[in-house]
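For reference, the structures are reproduced in the following blocks.
Below are two complexes that have subunit A in common, paired first with subunit B and then with subunit C.
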Partner chain A sequence: MFRSSQINAINILLLPLLLIISISIGAAAFHWSDVFSNSDTRSLLIYSRLPRSLAIILTGATLAVAGMVLQIVLRNRFLEPNMVGATQSAALGILLVSIWFPQATQLAKMSCASIVALLGMTLFLFLFRRLPPHRQMMIPLIGIIYGSIIEALVNFIGVETNTLQLLAVWFAGDFSAVLAGRYELLWLTGLMALVIYFLADRLTIAGLGQNISTSLGINYAQMMWISLITVAMITAIVVVTVGQIPFIGLVVPNIVSRLAGDRLRQNLPSVALMGANALLVCDIIGRIIDPPYEIPVSLIFGIVGTMIFLYLLFRKPTVHAT
Partner chain B sequence: MPSPRSGARFLGVLGILLIIASILFMTYGVKGSWDFVLQLRGKKLLMLLTVAYAVGVSTLLFQTLTHNPILTPGLLGYDSLYLLLQTLTLFIFGAVGYASIGAFTKFTIEAPLMMAASLLLFRTLTRNSNGDLARLILTGTIFGVMFRSFNSLLQRLIDPTLFTVAQTSYFAQFTSVNVSMLMIGITVMLISTIWIWRMRYQLDVMMLGRNASIALGINYPRLSRNILLWIALLVSVSTALVGPVSFFGLLICALVNACTPSMTHRLRIPAAFLMAALILVCGQLIFEHVLGMQGVLSVVIEFCGGLVFLWLALKRQS
Partner chain C sequence: MFKSCWKPLALSILALSLLSACGEKNTQNSSASNTTASGAAVSGPTVSVNTARGEMNVPENPSKVVVFDMATLDDLQALKVPVTGAPKKVLVPYLQQTLETVNNTGTLFEPDMEALNALKPQLIIIAGRTAPKYDELAALAPTMDMTDSGQDLIGDGMKMLDTYGKLFKKEAEAKKLHDDIQNLLAETQQVAKGKGTGLILMVNAGKLSAFGPSSRFGWIHTQVGVPAADTNIPASPHGQSVSFEYVQKTNPDWIFVIDRTAAIGEEGKTAQAVLNNDLVRQSKAWKENHIVYLSSASYLAAGGVQQMKTDLTNIKAAFTH
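Our next item is the complex of A and B:
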């Protein structure tokens, strides 16, 4: 067993290293020595490379945190925003608002996406309640199918309104279009992650169930709603700005809890840092595999993440102290 | 307990409905040259029937093999596996070499690969799930996602400019017909019919479970391997013709099971084919010719099939 502080130390060392690599590579030539002498290089850094790397860090960190929150409050190791219909509902929300109000601002689209994502997750919870909690594998399975039903609905609307091209952007996340001025909403997800950090202990208690949390003086329904709303907002903002990136929210919290146990508050920084690092690595791989073209990071994470997920499904069950 | 006679009546009704639907499909709203339209629609009708057979029968066999009414090969990632193998051969032969070999050669390369790979996949799935159905399906679904990711990675590495063209194979398409592939599909369909028809009683016995079948003198390992090989071949046919359809087979088998719960394979196999064909032909007729919507049938089927899956899964739980 590692301590969270050890994992954090490794991740904190890795992060600047990966950040430097992430900024250095890309289609246009970039040399660190020119940053102060050449104005083109400087604007490349400020308007393209730095925003992109920051967006990756924010997305990776907050999606991992969102996954962890879902896993703790719904008490299932195999859940993430993708597997409770949040991502797909968020896409449905933006699609509807783009069709009805094409002039809407990014913020308005994001709010609409969050609301629909929240509705989608609430509907999933109704299905969830019907399942006995000991059927651990049944819940993510139902979630995946539920998500694919919403996705089919979105595709149907997309085909009928000739907006399939927009959908491709939301259903396959990558950071190639991130520039200064087009990613700043992501800072809101960072804010959400902070909210979760401050509520961490209460969320953990809410995860123990309605009876226990009530007797410990925690407002169960309130905590449930707060966690759902934060997850919905993180998912919606990510879908609006970069698209869907599956498996981070599932894989990263699982790895951290394997290494350091299940302590939401202590593990949150580790989860966030590891999420950021994992996404940076995958984005770097996607950019160096076939230059000057780039492979979307969601694809790289789809391969890496599914492999880790399959491993998690089949490993020997370990005993966790909860 | 429905008698064989009521089963036969059910088949008869389905058959008559299918014939009516087919006639309507061929003739509805025809303007201008009949020769041209009939030829075009005839091809499409043949394709729908072949796909209906491939999907309906492969799912039915799969459910017999796994003794489970909520499984379909598509749900366990079989069709994404076929797409991956297709891209893999494209990758090895190169885009030019691949285009120059005919559909028949392609299929003779890809189908055995698919059969071998699906044996391996099925073994992995069943060995590791330890009888836990949910874990089995979850694993299969994740395998499917992994195959799709690998597939699109390879497609991007082949030729970025052709990427969007290649991406169309993600969605099932019932609108375009590949004639040489259709010929192969019909051949596979006819040969498999002979085999399945000869095995119909053994399949009934298989429904009783592994131990009972062995006790009754069935060579269980051999029969299940053969079933699996036919499923792989049929999935290859349907995926090559229209693309991946995860829930269609499930929808069909759920309908067949709901209509006549205790039928034998002698009746279930034709019923699955007729039901699938009826849905595809009617759906295509309504969406393409009446509503004028192209290519949404597969999306609607996925939607309904997904709902049916949720319903079946939740019903089993409670």
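Our next item is the complex of A and C:
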């Protein structure tokens, strides 16, 4: 068993290293030695490289945190925004707003996506409440079916409105379009992650169920809504700005909890850091395989994430430390 | 308590999946029985045509034609050949008039077999998007697969035009259109000569893909003769995902834009907003205002008469300007 401080130490060391690699690579020529002497290099750094790397860090960190919150609050290890219909509903929201108001701003699209994502997750909760809680695998399975139904609806609307090609962009995430001025919404997800950090203990108690929460003086319904809203917003913002990135919210919290046990508040920084690092690695891989072209990061993470997920599934479950 | 709620849900999912399985089987049965009933045998005068599946004999000048290809529909509209059925829900503005008069036969990907049965077409013309359904359709009526090679859009487009001229006894009209496009192509090649390199970009919801000479938009390089700014782009049906930095680095003299967002906005407007950033603004193409927007028909009806004319005219105008 590792302590979360040890995991944090490794991740904190890795992060700046990966950040430097991430900034160094890309289609255009970039040399660190020119940053102060050459104004073109400097503007490339500020306009393209730094925003992209920051966007990856924010996305990786907050998606992992969103997955962890879902897992703690709904008490199921195999949940993430993809598996409760949040991502698919967010795409539905953007699609609808794009069809009705093509000129809408990113902020308007994000708001609409968040609201629809929230609706989608609330509907899933109604389903969830009726499922036997001890059948751990049943819930993600139903979640996958539920998400697929929404995705099918989105695709149907796409076919009917000739917007199928747009959907492909939101269902496959990559950071190739990130520039200064086109990713800043992602900072809001960072804000959401902070909110979660401050409420971590209360969310953990809410995860123990309504009766225990109430007797411990926690407003269960309020905590539930806060966690749903934060997860919906994180998901929606990521889908609007970069697209869907599967598995990160599933894999990272599971790795951390295997290594350091289930403690939301203590593990939160580890989860955020590991999420950021994992996504940085995958995006770097996507950029160096076939330069100057890019392999979408969702594809890379999909492959890596599936393998880790299968490993987690087939490994004998360890006894959870507290 | 939980169980009582769970069972009906599971049962209904099971029932639904069974139902959908049945549905599939039914359509298969009906198309199979039709083979024997109507038969795909051709009687009467025939004409030999070249298709993607080789030479075949089809009825000469058939009166009831169903078309599953927008380029073909474009050609037949230009040749004034009446069409009985086509997938109606396609957004190619200049085809709307023809589409209003035809019977709906499903979509390019999912032909409506019942509607086709009712229409009893004498000839079905399909291409790329409908090609996987060839066997089902061929069982119903003589079916021509006019999928192009993907390497020589304009050459294939003209061959297709000639084929339809022969098939529908409109040789004179087809020849005239053929010559028009030939001349337009020659003029475009003339004005494009020595004007620098080009890069073909598809803009889709804020993201970019690049297309090279061997792609389906490669005719700009291979036919019109604009040298590729990046000769290494591998062929891929959806292009290569690239960043804005790539555009700055490639630094083309001309950028040809396919606006995939056009379906939900004004053609070219959204793409323009996406490209308008510090990195693309550094390219020679942007500085010289050398951005050419291709028509949405260039991917929906590639190889049709009107599409070739529109895009060649636009490109020629951009180079002469």
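Operating definition for what follows: the second predicted complex is superposed on the first by the 320 of 322 C-alpha atoms of A that agree within 3 Å, B and C clash if a C-alpha of one lies under 4 Å from a C-alpha of the other, contacts with A are read in each partner's own complex, and residues count from 1 in each chain.
One rule holds for everything that comes next: contacts are C-beta pairs under 8 Å (C-beta built on N, C-alpha and C of every residue); 3 or more make two chains touch, one makes a residue touch a chain.
Remember, predicted model here, so these are calculated numbers, not experimental data.
Undergrad: Following the overlay on subunit A, give me a clash-or-fit verdict for subunit B and subunit C.
TA: The answer is clash.
Undergrad: Mind working out whether A:Ala108 is in touch with subunit B, subunit C, both or neither, as first, second, both or neither?
TA: So A:Ala108 meets neither subunit B nor subunit C here.
Undergrad: Look at A:Asp174 in the shared chain and tell me whether it touches subunit B only, subunit C only, both, or neither; answer first, second, both or neither.
TA: second
Undergrad: Touching A:Leu17 in the superposition: subunit B (first), subunit C (second), both, neither?
TA: A:Leu17 sits against neither subunit B nor subunit C.
Undergrad: Kindly classify A:Ser148 by the partners it touches after superposition: subunit B alone (first), subunit C alone (second), both, or neither?
TA: First partner only.
Undergrad: Go through the superposed model and pick first if A:Arg182 touches only subunit B, second if only subunit C, both, or neither.
TA: Only subunit C is touched by A:Arg182; subunit B is not.
Undergrad: On the A-aligned overlay, A:Ile295 touches which partner chain: subunit B = first, subunit C = second, or both, or neither?
TA: In the superposed model, A:Ile295 contacts both subunit B and subunit C.
Undergrad: So, A:Thr306: does it touch subunit B (first), subunit C (second), both, or neither?
TA: It touches subunit B, and subunit C stays clear.
Undergrad: Quick check on the superposed pair: does A:Ser43 touch subunit B, subunit C, both, or neither? Answer first, second, both or neither.
TA: The answer is second: A:Ser43 touches subunit C but not subunit B.
Undergrad: After lining up the shared chain so the two structures overlap, which partner does A:Phe156 touch, if you call subunit B first and subunit C second: first, second, both or neither?
TA: Touch partner of A:Phe156: subunit B, not subunit C.
Undergrad: Could you tell me which of 116-124, 224-232, 260-268 or 278-286 in subunit B overlaps subunit C after superposing the two complexes on chain A?
TA: 278-286
Undergrad: What is the shared patch of subunit A, the residues that subunit B and subunit C both contact?
TA: Correct list for subunit A: 130-132, 145, 159-160, 290, 293, 295.
Undergrad: Which residues of subunit A touch subunit B in the complex?
TA: So the residues of subunit A touching subunit B come out as 78, 127, 130-132, 135, 137-138, 140-142, 144-146, 148-149, 152-153, 155-156, 159-160, 246, 289-290, 293, 295, 299-300, 302-303, 306-307, 309-310, 313-314.
Undergrad: Report the residues of subunit A in contact with subunit C in the complex, numbered from low to high.
TA: Residue list for subunit A touching subunit C: 26-29, 43-44, 47-48, 98-99, 102-103, 130-132, 145, 159-163, 165-166, 168-170, 174, 176-177, 179-182, 290, 292-296.
Undergrad: Okay, in this complex, where on subunit C does subunit A touch?
TA: 2-3, 5-6, 9, 13, 89-91, 107, 204-208, 210, 230, 233, 238, 240-246, 248-250, 260-261, 263-265, 270, 274, 277-279
Undergrad: Provide the residue numbers of subunit B that touch subunit A in the complex, in ascending order.
TA: So the residues of subunit B touching subunit A come out as 128, 132, 134-135, 137-139, 141-143, 145-146, 148-150, 152-153, 156-157, 160, 171, 246, 293, 295-296, 299-300, 302-303, 306-307, 309-310, 313-314, 317-318.
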